[in-house]
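Got a structure here, written out as structure tokens. Questions coming.
As written, the chains take the letters A, B and C, and residue 1 is the first residue of each chain.
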Amino acid sequence: MSRQTQGYIAAIAAIALLAIFPVKFGSFSLLSLLHLDVSILSEMLLFAIAAMSVNLLLGYTGQMSFGNAAYFGLGAYGAGLSIHYLNVHFIAATLIGTAAAILGALIIGPFLLRRRGIYFSLLTLAFGQVFYFIAYRANQFTGGEDGMSFPRPYVGFAGWHTNLHEATFYYLMLIVFVAVLTAFWLIVRSPFGRTLQAIRQNELRVRYLGLDTNKFIYVALVVSAAMAGLAGALYGLLIMFAAPLMLDWHQSGDFVMIMILGGAGTIWGPVVGSLIYVIGKDIISTLTQTWQIYIGALFVICVLAFPRGLLGTLLHAIARRDVGAPIVEDTMPHTAWETGTPTGAAAVAVEQKEL
Amino acid sequence: MLANVAPSVFNGLILGAFYAFVAIGLSLIMNLTATINLAHGSFLTLAGYLAFTLVSKGTSFWFALILAPLLTVVVGVLVERTLIVPLYKRDPMFSLLLTFGLALIAEEVYRLIWGPNGVPFSAPGVLGGGISLGFMQFPTLRLFIALVLAVAMALLALFLWCTKFGLRLRAAVQDTEMIAAMGTNTQLLYMVNFALGMALAGLAGVLASGLLGLSPTMGNSLLMPAFVVVIIGGMGSLFGSIVGGLLVGLAISITTLFIPAANEIIMYILMAVVLLIRPRGLFGTEGLFG
Amino acid sequence: MAEVLLEAKGVSKHFGGVVAVNNVSVTVEKGSIYAVIGPNGAGKTTFFNTLSGFYIPDGGQVIYRGRDITTMPNWQRIQLGMSRTFQTPSIFPELSVYDNLLIGVQSQKKLAFRLRLPSASRQREIDSKIDELLGFVNLRHLKDRPVAELSHGSQRLCEIAMSLSVDPRLVLLDEPMAGLAEAETERIMNVIRDLHDRLGLTVLFVEHNMRVVLSLAHRIAVLDRGNMLAEGTPSEISSNAAVREAYLGQEVISHV
């Protein structure tokens, strides 16, 4: 069985597990430390999507956005405001929230595109704060510092509707999650996705292959914003609340770290990271008031010792075992134009790139 | 109206000087090591709390003004040498994330030690009241702060432009590889550079506490405007940070005078305008970071 | 009189107070191999970079097939039919040789922006194009290897194949021999000759090894300290006294 098939099976097993959970376990308690129920799992799935949005930009396109919480928050507020003022139903609220996030990215994208590297990150940070600030200050509309609460409308179309209680909501989240995950997978294996990954490794070379990398990065930005916005809208609908802190750089940082915890540049990394983060936070905050210290310490340790994240480290180890130690190639072949075997035996030292 | 302009301009310049100070500290660290120090605000806050603790144990304010930043430098350098140095050779994203983790830890630690609500920290009585200089009344505290900031900036400029070490530091920003090849101890350079950033943060932190009040999030409230200042002034340019800071401070105070509702968003508007006209910032170096 | 493919007219470029390139003009005919040579610091790489769109010159023009491309972004120049390599091979280190070439082939076939996977027949087209490129540089046996594991010379070959993947008319090579051993140099020289002889391409390359240049090029431009010292055929250049002087201490310039 090839590794790829193994991967598919693992993915399907994970999804199946997530699907069976409410039926089989209802809620799950461990030593009164961990209380796992559909609400927490919903949160986990949504944060995973948010982390996926960062992953698309960073793990695949090589651009570190420290402002994706802004899109997350735009999604939540978009949903909340549309319910509050326009009385829309669930699906419309979700779509409006997502659209708000997309609009945000469309507007600030051209600013961000002028720069790369840490200057790009700085700009995402600053523009993220612009949106935070708007949510904070526009208190007539948004409720200001205290945020705004709103009811969760029913899901309805064609005359049929249903109220979403927690279990139903969870299944809806699971469906959205699988859809987004699949879309993510399709994107990264497409020619577009391969080009994004090439940009991450060597943007200059991509340009010198005739491609306008700005166009690619802009699209990646907008898709990333859409994902984060969708997650935000649904999260707002989950907790029936939208708050300025959802847009703050601390939240952005959390999303980035979730991705790192699981493994940047892998498809399931953000999911694993979200599991670690949401469950870890739950356990730690049950144990102590000062959980932020431990979360911060977790981040620090991860960055220093496990930069590839849990899944990333695992996949890397598997790949190393499959391929063996890096094979060194001899010097250039001397044979003529027909396909030949390399001659010469000088081993060339292989440079391992620092992560 | 005109009578209000002068004090506004003055206050704006003071505020701007603060932002510039914090921005320079950030810039120094960013330019040399590509590290966006999200914990910079935490160091500001630390200095404030250290000064508060020193004063509450009987130290004079003046002594604390010197000692607290020094202690902050020590803590900062310790953190840099142990946690950040291993990350220099990696993608800059990691040092950013590390400082983010540190910021989270720091905020909670401050809450734990000094309480979540902030502590009263005021300047000594002699700095109260005001000095009249004919056309307007200057609050003594702000005058003092302005003086200290100006002197510190002058000292920094002196160090960077008139000493051999400062020259090496500036050269290293341009081309670290070449400097290393020429035999300079780059680790020492990084350490001193970070120490400078910490000194600036420490001083700003103590002064800001007297002006803004001291709470676990005090430093962070200066951090974001400082980033905006760096963007406006231009990456890679310390002078840009000064100009950017003063500009932002002035813009905020003038806007407070005429359009009070917009006084917080004005710096973002300024940032957007500058980015449209000159993406590298007012004095930014082209292509330093892509 | 052959068609002029690339022309530089009075190109100048300075950095701060330093003039790197001063008023250099060059005419590259279609189907020729053109070399730009000069001692270190002559400004040849800077000049090369203005031709390839890495720098925008401060003065003068760059004209490609009659079109003023002086300020044209680099990616657009590639779409017009130019292509280049770098002194240190600019490749995608984490990808296999095959995938390195895939990016360029996708670009050339206008598939890069697509979300949909190529159809089976398209995929066959792509694979056969990549195979053709691999065959040209004799890297077929390494096609699934990560390029990071390749020797420096093979990486350079891979990069040359990548520069061909976009179907260029003009290939710009930046010090293609840099860092190669003697035998490998010979190999690359053969590849360059084949670009011209077998593929009919126009080649412009930067080099500081006079022997290589005299052996390969049809025309040579010699730069010195940013200025054009001499321009002409190999025999003209090798008998040029000023050139000899600039290369004082260099190996004897043997005639072609």
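Side notes on the structure shown:
Simple rule for what comes next: a residue touches a chain if its C-beta (ideal position, glycine included) is under 8 Å from a C-beta of that chain, and two chains touch if they have at least 3 such contacts.
Values in this document were obtained by computation on a predicted structure and should not be read as measured data.
The touch graph of the protein chains shown is a line.
With centres defined by CA atoms alone, the chain at the far end from subunit A is C. The geometric centre of subunit A is 40 Å away from that of subunit C, both derived from CA atoms. Inter-chain centre distance (subunit B to subunit C, centres taken as mean C-alpha positions): 47 Å. Spacing of subunit A relative to subunit B, judged by their CA centroids, is 32 angstrom.
Put simply, subunit C touches subunit A in their complex at residues 52, 73-76, 78-79, 83-84, 90-95, 99, 102-104, 106-108, 111-118, 135-136, 138, 140-142, 145-146, 148-154, 157, 162-163, 165-166, 181, 183-184, 187. Subunit A meets subunit C in the complex at residues 186-187, 189-192, 194-195, 197-198, 201-202, 204-213, 215-216, 326-342, 348, 350-351, 353.
The touching residues of subunit A, counted against subunit B in their complex, run 58, 64, 66, 111, 114-123, 125-126, 129-130, 133-134, 137, 249-250, 253, 256-257, 260, 290, 292-293, 295-300, 303-304, 307, 354-355. Per the touch definition, subunit B reaches subunit A in the complex via residues 30, 34, 36, 38, 83, 86-87, 89-94, 96-98, 100-109, 111-112, 224, 227-228, 230-231, 235, 264-265, 268, 271-272, 275-276, 279, 288-290.
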